[in-house]
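Next come the structures, one after another.
You will see subunit A twice below: alongside subunit B first, and alongside subunit C after that.
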Partner chain A sequence: MTTSAMALPARDVDTTTSAPPKDGSTRGGQNKAGWIFATPFLVLYLAFLIGPVLIGIVISLFNTTTVQSGLGSFVGLSNYADVLTSGDFWASMWHSVLFTLLTAPLLVLLPLVFAILASRMARAQWFYRLAFFAPYVVPSSAVCLIFAFMYTPETGLITNAFGWVGLTAPDFFGSTSGAWFAVVLLTVWWTFGFNFILYTAAIQEISEEVYEAAAIDGAGPWQQIKAITVPLLRPTMSLVLILTVLASLKVFDQIFILLAGGPNYSTRPVIQYIYDTGFTSYRGGYAAAATMVYFVTLVLVSVVWLLARRRFNTNPANA
Partner chain B sequence: MTGLSRRQFLAAGGGLTVAGALSACGSPVVSSLTGAQPQTADVIYWHLFGGGDGANMATMVDQFQKSGTRSIESTLLSWGNPYYTKLSLSASSGRPPDVAIAHLSRLPLLAEAGLLEPIGDQFTEAGVTEDKFTPAAWEKATVGGTTYAVPLDTHPFVLFYNVAVAKKAGLLNEAGDNLKPIEGADQFLDAVKAMKDAAGGDFGAVASITADPSTCWRFFTMIYSGVAGPMVSDLGTKVTIDRGAMEETFAFMQELTQGQKLMPANSTATTSSTLFSQSRVGFLFDGVWQIPTYRDVEDLEFNVVPFPPLLGEKPAAYADSHALVLPTSSARSGTRTSDAVRFVKGLLDQSETWADGGHVPAWLPSQNSSEFKKMDPQSNYTEAAFNAVYDPAAWYTGAGSDFQVAMGSVIASVLTGGTDPKGGVENMTSSLEQFSTARPPV
Partner chain C sequence: MATTETAPAAPKGRAAAQDRSDGGTKAFNRLAATCVTLFALIWLVPFLWALITSLRPNEEIAANPTTPWSDNWNFDAYSYAWNSSPMGWWYVNSFIISTLAVIFAVVVCSMVAFALVNLNFRGKYVVFAVILAGLMLPTEALVLPQFMEFRALNLLGTYWAVILPGVALPVAVFVFHSFIKAIPDSLIEAARLDGASWARIYYQVVMPLCRPAISAVAILTFITSWNAFLWPLLVLTQTKSQTIPVGLQGLIGGAAIQYAETMASAVLGILPLLAVFLILQRQIAQGVANTGIK
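Let's turn to the complex of A and B:
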């Protein structure tokens, strides 16, 4: 499964996602120092990940509310039944999926193209890397405020830019399609840099000799990209794909800050639905049940990806 | 070895930080570590007023601080759901502000959840008593026999009319200072039609319908509550719709937008302010808080009056009220509580300033003052505050709630002709089911 050409980041994630159960149990018993060093992480992991998940499972079985202390009355699985039959919940699940479908292709392919182009720049590569990566470090609230300015009807920069090329800008806040356009454009600009950096790192991993050999054989730049760079980046692409899909399914900040899930909840993602029911409508138990359903969905997506990847990697054609 | 070792340096640095944080006793850092309430001022006050209301509120707070020795820390939070989320979570986690603004329509849940201090003896001693408030507002501030809020105002949904157009339409009384009495749906339709002819445009009246579910909800509830009681009871768990009255209400609304086409069915907030500002319609159906929007429009003389009774005998004014509440906090000292009471009283005493934003003061001493009575058009619709009908008491209703959005969407589809009145009743019932069958948090 480890091919020499595999890019570093891909290998990192691969071992963390698939290896720990096996490695941790055999090595952990023999090596106390290892456990001690891992303690700070494990404490945080238990306190902020495993703990809340367990608490979440418990309160999803109760009518817990966020305005009163205590668990409330035991209601069995009825919160789950309510979630699974709620039209609003499934609508918001669909919005998260739709957001993923809209952004993932752009966020997987565009950074690839630009990373390859940037890597072929003879001079000032650092500038291009910085320029593409810089937006990623801006906090979501700042990005959303800036874009909200630019999307303002009548006076906003982006609204006016449509006019310059003779188009009418969509109603970015008032119409569903306009709202999706607004949030997708923002997200692509904002998170583009992360995938770009992953690709750039992977490109740097590709040995110079391969290109040299290809050049000696008479391959031009386009042939080199097609026959060397892209195939050798395939593991990174699959990593970028799953990271992007998981990140997109978790979308919340942009849509919440820019649109508040509007107009009329037509862009509300599932996390905001959970937030709204849990905190705004105070129905903690119900929101916990919704979270569990969503959590299981994400786990399923990850498992499917892992299985697909394993098959892909054991396929002799790709070895 | 010269100087400090790395460890000594770090230890010294850490010690300094801790000492610095602790020495500033009562600083947010310490209070967040100990779970105490931050005490950066004598009274910590949260509100949700932006724009003109925000400026008026700032004036009132400044005035109170100047006239006394108490310091106020006033925080403006974003309006609607986010505000109530923050307010209730701060109270349930034990670190609320000392005084906060709340809409009376949002009170039932906050009160039932035990997040608010009852308005008790300290207020009585300060002279804040039931007999000094608009009865409808005080009644709404009372949940299960206990009063939990001090009403600051009533802001009803009212009828704006263009004076010049109304005069041309022959709708003004002899003195020319008000409309001739209108009684019942037919007379009202005639009046809107007369406005249409007089304005010479396509429409006689306008209300914001598209992407404005709250306005749709106010418009509907104003008419419906003339003939029927609250749509839900038992804190929202029981649906008590009067289907006949609801169908009649929808039919009347549709008559305005579809049947006689006296109102545009696809108007946004911009459409309605444009049409009314440019005298292209005679009537505007909106909340009193819009008065500042039109006050400075050139060549627009308008007046604001309560809606006449439409379907029922008695007039009903859909309204909400801003009120002052004291969120429950076990950590609040007696001194802070009495400062809070004093602050609430101080704001009530400046109700005339508050009335500038169009709100009817709930505080009768201000409402009856000559200063307020001279205010035009504010003093013309005081009556609406007495006929106020609020959102039905339920854990999910209230200003800016999902409930208003859901109901408003059904109403909008009736107004635009997408649904007939019968279908509107069905949609409203099934939409209401989703709320009434959800397990209530209190």
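Let's turn to the complex of A and C:
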């Protein structure tokens, strides 16, 4: 904010000297034009991004029901007290966190490994991009249809694949651990490509000469990867990590479609908890309070990451 | 990429292999190639499996579930899947919604980015800060208050309810912002001296120069909008007005023995975007890279 306050006068001086000194309408004209160009975005932004935040805060203070319009009666912070003491709410928060803990390491590291290996190939780059990224453009429900079929007990392809290597497949729909396995495998297959593309783009930015110099110095491929590629990819890894964590904390589609949060709510993520309380039990005010708690958690994660990155970036050791 | 460069700048790893064509490097590269290729082939299995299953008769699938071969390939499941659900409507709805979302997002986000870069208006830095803060708002978490808002506006069940929340995208503003900032000031000034209005500068000078940004934002908005699930599920309650992802979801847990029909529906649900992806592979990858890194 301080920088912007200082930059403002400087920019003004700049325009008045370099722009055509028409008739003083330039500044006023720019002011008007600027607001005309900014208004469509700002209206939609305030109405549908900021609006829901404010509405959520208001509703969370009333015992609103979702079935009829109107706010209901003012209940103060009691919805929040109910949410924060609800075992079901915390269980669903934990499921979203657990999902993140299970998928994020795989989704940060596996694409890194395969992007590095694929970048050593001279040709067929398009093939890897196709194979890995194509799942990302598939709608979640189509992914779930296909995987539900492959997870079918006894006849499914994945169930049988366990048998081929001498293992017994877990009960993908009936047991909690089996259900987590099913959802994690599906998610890795579905979203792997996005991170793969981010890494591939970053690897292409690394200058050829660095590798040539290293090769002349006698560094083998493994040493090149360890001493050049991975350290230079660290900023990308941090970006991929935060994007993956934020996306995973917002998980809903796969768990809802494939398992309906089951068996017995043991995988239900927090968005589904809000969905169930708000749209199935119609407890709008309560669900809004849960929404706000969850919303603040997500914002905090982003803020912590931003602060950590700023700290990291001001460190001169980071190139 | 590499082919356009001069000879010594051969692709990564290859240069090293030529300089020191010792066995170690070659063996490593061959091993890497095998690993990645194997992994990529595994990645294609779900697609192929859905396709194969959709073309086999159900009795055969029940008898030999894991055989990737059929004595009687046929398209019956597709005609059944198409006729038993309003798939045509879902295509139309998805297409209209995604297209309108793309048009609105590109126009609205590029306009504000243009104003932020080229116009000095009062409150500009506040606007900038507000949009920057928007990058951190997890809007997907806000479906419940959003639902209440659209009910109050009487827009539930309409295309608008699905389109409007996905138009003002802070990420898209920053993609445009970085592109427009790279346009030389002299171009804009020359246009000003010629007496062009700001509106003309926007659509005749600036927009043609940020085509890569337009395609990145358009492609990513289209994919996101096409694949959106929870919000359309809440808002579009009538079967005929649903989008493809919401409609397909209703087929899960349906008749368990209609394997071929279910997989045919999945394939039909995948096809449109996969076709777009196959045609625009490069641009999509580029778009993801640009948006993600900035």
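Convention: the second predicted complex is superposed on the first by the 276 of 319 C-alpha atoms of A that agree within 3 Å, B and C clash if a C-alpha of one lies under 4 Å from a C-alpha of the other, contacts with A are read in each partner's own complex, and residues count from 1 in each chain.
Criterion: a residue touches a chain if its C-beta (ideal position, glycine included) is under 8 Å from a C-beta of that chain, and two chains touch if they have at least 3 such contacts.
Only a predicted model underlies this, so the values are computations on that prediction, with no experimental measurement involved.
J.: Can you tell me whether subunit B or subunit C touches more residues on subunit A?
T.: Tallying touched residues of subunit A, the top partner is C.
J.: Return first, second, both or neither, reflecting whether A:147 touches subunit B, subunit C, both chains, or no partner chain.
T.: In the superposed model, A:147 contacts subunit C only, not subunit B.
J.: Using the touch definition from the top, say if A:204 reaches subunit B (first), subunit C (second), both or neither.
T.: second
J.: Based on the superposed arrangement, let me know which partner A:165 touches: subunit B (first), subunit C (second), both, or neither?
T.: Once the two structures are laid over each other on A, A:165 reaches no partner at all.
J.: With the two complexes superposed on chain A, say which partner A:63 touches: subunit B (first), subunit C (second), both, or neither.
T.: A:63 sits against subunit B, while subunit C stays out of touch.
J.: After superposition on the shared chain, which partner residues are touched by A:263: those of subunit B (first), subunit C (second), both, or neither?
T.: first
J.: Check the residue A:41 against both partner chains and state whether it touches subunit B (first), subunit C (second), both, or neither.
T.: So A:41 only meets subunit C here.
J.: Once the complexes are superposed, what residues of subunit A are shared between the subunit B interface and the subunit C interface?
T.: Of subunit A, residues 66, 69, 279, 284 contact subunit B in one complex and subunit C in the other.
J.: Which subunit A residues qualify as touching subunit B in the complex?
T.: Where subunit A meets subunit B, its residues are 63, 65-69, 75, 78-79, 82, 88, 174, 263-265, 276, 279-286.
J.: Within the complex, which stretch of subunit A touches subunit C?
T.: Against subunit C, the touching part of subunit A is residues 1, 4-5, 7-8, 11-12, 15, 18-20, 27, 29-35, 37-38, 40-42, 44-45, 47-49, 51-53, 55-56, 59, 64, 66, 69, 114, 117-122, 124, 126-150, 152, 154-157, 160, 189, 192, 194, 197-198, 200-204, 208, 211-212, 214-216, 218, 220-222, 224, 236, 239, 243, 246, 250, 252-253, 256-258, 271, 274-275, 278-279, 284, 287-288, 291, 294-295, 298-299, 302-303, 306.
J.: Which subunit B residues qualify as touching subunit A in the complex?
T.: By the definition above, subunit B touches subunit A via 81-82, 84-85, 88-89, 91-92, 109, 113-115, 211, 213, 268, 395-396, 402, 405, 409, 434, 438-439, 441-442.
J.: Over in the complex, which subunit C residues touch subunit A? Could you list them?
T.: These residues of subunit C touch subunit A: 1-2, 9-16, 19-20, 24-25, 28-29, 32-33, 35-37, 39-41, 43-47, 49-50, 53, 61-62, 65-66, 107-109, 111-112, 114-116, 119-122, 124-125, 127-131, 134, 136-149, 151-152, 164-165, 167-168, 170, 173, 189, 192-193, 198-199, 202, 223, 226-227, 229-230, 234, 244-246, 248-249, 251-252, 259, 262-263, 265-266, 269-270, 273-274, 276-278, 281, 284-286, 288-289, 292-293.
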